[in-house]
Amino acid sequence: MAFDSLNALIVMEGHGPYVWTCYGVFFLLLGVLVWWSLRERRQLVREQKQLQQQKTEASPLQAGSTAGSFQRINTSRQ
Amino acid sequence: MWQFFHKLGSPKWFYGIAGRFMPWLLGIGLLLALSGIVWGLGFAPKDYLQGNSYRIIFIHVPTAFLAQSVYLMMAVAGVVTLVWKMKLADVFVKAVAPVGAALTFLALFTGAVWGQPTWGTWWIWDARLTSMLILLFLYLGVMALGSAIADEKSAARAVAVLVLVGVVNIPIIKYSVNWWNTLHQPATFKLTEKPTMPPEMWVPLLLVVVGLYLWFGWIALYRMQTEVLRRERRSRWVQDLMHPGGRSDVSSGGARADGV
Amino acid sequence: MGKQESVVPAGLPILDPVAESPGVLRAMLALLRRDLRLSIRQKQDLLNPLLFFAMVVALFPLGVSPEASFLREAGTGILWVGALLATLLSLDHLFRFDFEDGTLEQMALQPQPLFLLVLAKTLAHWLVTGLPLVLLTPVLGLMLYLDGNSVAVLCLTLLIGTPVLSLIGSVGAALTVGLRAGGVLLSLLIIPLYIPVLIFGTGTVMAAGDGADVSGHLALMAAMLVLALVLAPFAAAAALKISLSAS
Amino acid sequence: MTEPLLQADHLLKAECLECERDGRFLFRDLSFSIVPGTLTRVEGPNGSGKTTLLRILAGLNDNWSGQVLWRGRPRHRQWESVRRNLLYLGHRPGIKALLTPLENLQALAAGRQAVTNRILEQALAQVGLGPWCHVPCQNLSAGQKRRVALARLLFADEPLWLLDEAFTALDVDAVAAVENLLLDQVRRGGAVVMTTHHEPSLRNMNRIRLGTVIEQGEPSSQLQQEDA
């Protein structure tokens, strides 16, 4: 051990703030990166599962042929 | 060889094999990096010139090192994308660019903080820091271009061209910045150049370097898996994998997840 | 499917695939002439980078200090940065108009190698932007109190450096040609790649100001030009094909 | 000088073409050949990939898999010859607004074939632009600009024409004239591949029918070639 006490380790003869800031930001940023990557995966899985569940139900966007009927939509009707 | 290449191009195969490697990469990587950091912070002797502030080296050098190799890896993947049109290569580039940018930023940040007790200023136009700053710009450019092009295949190929142009430039940039540095400043002692480094200092440093590489391997594979799942979400195997109430836990990306 | 009996109308020769196409040089010259002609028709586009250059340079005495000592020291850098930004500004148009009206795809379909045609276009771009910038530099140099020797070396470095800027820029322009927000993105991609040119350009002038022999520096810049000349058109042609594939 | 007679019976042959966009296949397993002396129409609703297919055939789009042969050999070994022998007219006509029709034709022809100004002027006169020969194209109407582009067809020596919506913005007389041009090209042993929403009054057309957008894993679009 290069330091006599825990206090000495934290203070590091005055260089403590610099050293600990660096290590703090290091772990923080890499942590955020990991958290972000995990969240991306979770979101993708959730969306995909929802999509697959909905697939059985017909949606108005999927219905109809690609030719389209170009019928006017009556917006006043509730 | 060609069969291997072909197999490597298969997303499903990749997903399974990556899942088998990842726990090991993460476990060993964390073990090495953390033990190196603890050693470096608490047990390595004090530097006779810089005092305790030199302990930043144990993260500054590994991040700087890895940030540069990640760009080189991206360039290799770029060649593979352009020449062999292998899908996984551009998945790699896309997955890894933010990680590289983060590492570059860390190298810059730690260098700047280190500069305060050493040189008495937060930022110094030191040749290495300046090169890292330009590398950060290159990373950000790659990410910006990748997200600006809607079509996935075109985006991948455009990014590959940009990364290659960048990698041709990197040695020129390094050389020119070094030259510029000597032109403008008297030689000060460098942040990381030690005439002799005792083993109590370089062994923990080496541990962190290797550990960080392994950790990078893990996060690269994990992010690549996500990207592969996203791209292949209409295919059979992904839909089976994601089947509601399915047996597998996809989030962990574990090896059991697929039964490939 | 069956082949049809073709009845060739009188007076028309039967079509067979053609083996010969016009020479590469001829095609390049035609392209160069066309682009120069277009620039002359659109005179404002020709003037804009020059005006921008002059205005950026004028900002420094106004914004920092009009003192001769400051301007003499910073003048080289100001002029180089101004020329770099002016080039950057004009690059967005290098392929964009051609892309929008369809002449770019016609160029990509010419039988000649695309990278040589790109080279011709880049040359045209340099002739209408880079070269005028170099010619304007002595005037602005005098306004920044640079001495005659420095101005001469500065013009020489710009003469070697601006083609490098155009060449490297052509890659960025080709990558962003199909994108709506291409202009800003182009700058983000290209500026880091411009740094070595800037460093050597200004460094050479400074070394000359210190009375050093700068032939070595100039040779190094020439080497960069050769490298850009050899590599950039290939990269730009590849990038153009990618951009055309996406459209 | 011309090359010896056709080495293969086809000019262009596509095998198992597959093109994917946003995770969906525009077409899959699409095979056909373009034979000299034929006119082929690519058909399909909006968004079915007609333009994409034409751009793939022209070599402007690289995002596809499968194989395209030019006269029996892969294209990448003979790009110069392929490009020299095909003429592509796209949605965007390739006309510079600041140049006059004559200058436009000169620029377009410069890399392809040696033609004199007299021929170009004659071509412009025959598409009804004689008086506008020296007027910048920005002063012309959309239909007139389209005519400038189509004037290339009057002197083109390329055996394969790829025309994307060639009839857009043309008046009735011009449409009939262009149809005649296409017939001439076919009779001379050339080939035409075109997309058009206007039903051309041409007989003996082959058809490539592209289906609607299809999901991965489902049966692909069909190809129908018929000699009507």
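Letters A, B, C and D mark the chains in the order given here, with residues in each chain numbered from 1 onward.
Criterion: contacts are C-beta pairs under 8 Å (C-beta built on N, C-alpha and C of every residue); 3 or more make two chains touch, one makes a residue touch a chain.
This structure is a prediction, so every number in the text was calculated from the model and none was measured.
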Please find the two chains that have the most C-beta pairs touching each other. C-D
Quick one: which chain's Cα centre is the longest way from chain A's? D
Chain centre (avg CA) closest to assembly CA average -> C
Roughly how many whole angstrom separate the Cα centroids of chain A and chain D? 47
Roughly how far is chain C from chain D, centre to centre by C-alpha average, rounded to an integer in Å? 33
Separation of chain A from chain C, taking each centre as the mean of its C-alpha atoms, in whole Å: 41
So what's the Cα centroid distance for chain A and chain B, whole Å? 20
Where in chain C do residues touch two or more other chains at once? 242, 245-246
Residues of chain D that touch two or more other chains: which are they? 62-63
Could you tell me which residues belong to chain B and also touch two or more other chains? 151, 153-154, 157, 233
Chain D-facing residues of chain B, complex: 151-154, 157, 231, 233-236
So, in the complex, the side of chain D touching chain B is made of residues 21-24, 62-63, 215-217
In the complex of these two chains, what residues of chain D are touching chain C? 1-3, 5-6, 9, 11, 35-38, 58-63, 71, 79-81, 83-86, 88, 90-99, 103, 106-108, 110-114, 136, 157-159, 184-190, 204, 206, 225-227
Tell me, which parts of chain C touch chain D in their complex? 1-4, 6-9, 12-22, 26-27, 30-31, 34, 37-38, 41-42, 100-103, 105-113, 117, 241-242, 244-246
Contacting residues of chain C [partner chain B, same complex]: 168, 171, 175-176, 178-179, 181, 185, 188-189, 191-193, 195-196, 199-200, 203, 206-207, 224, 231, 235, 238-239, 242-243, 245-246
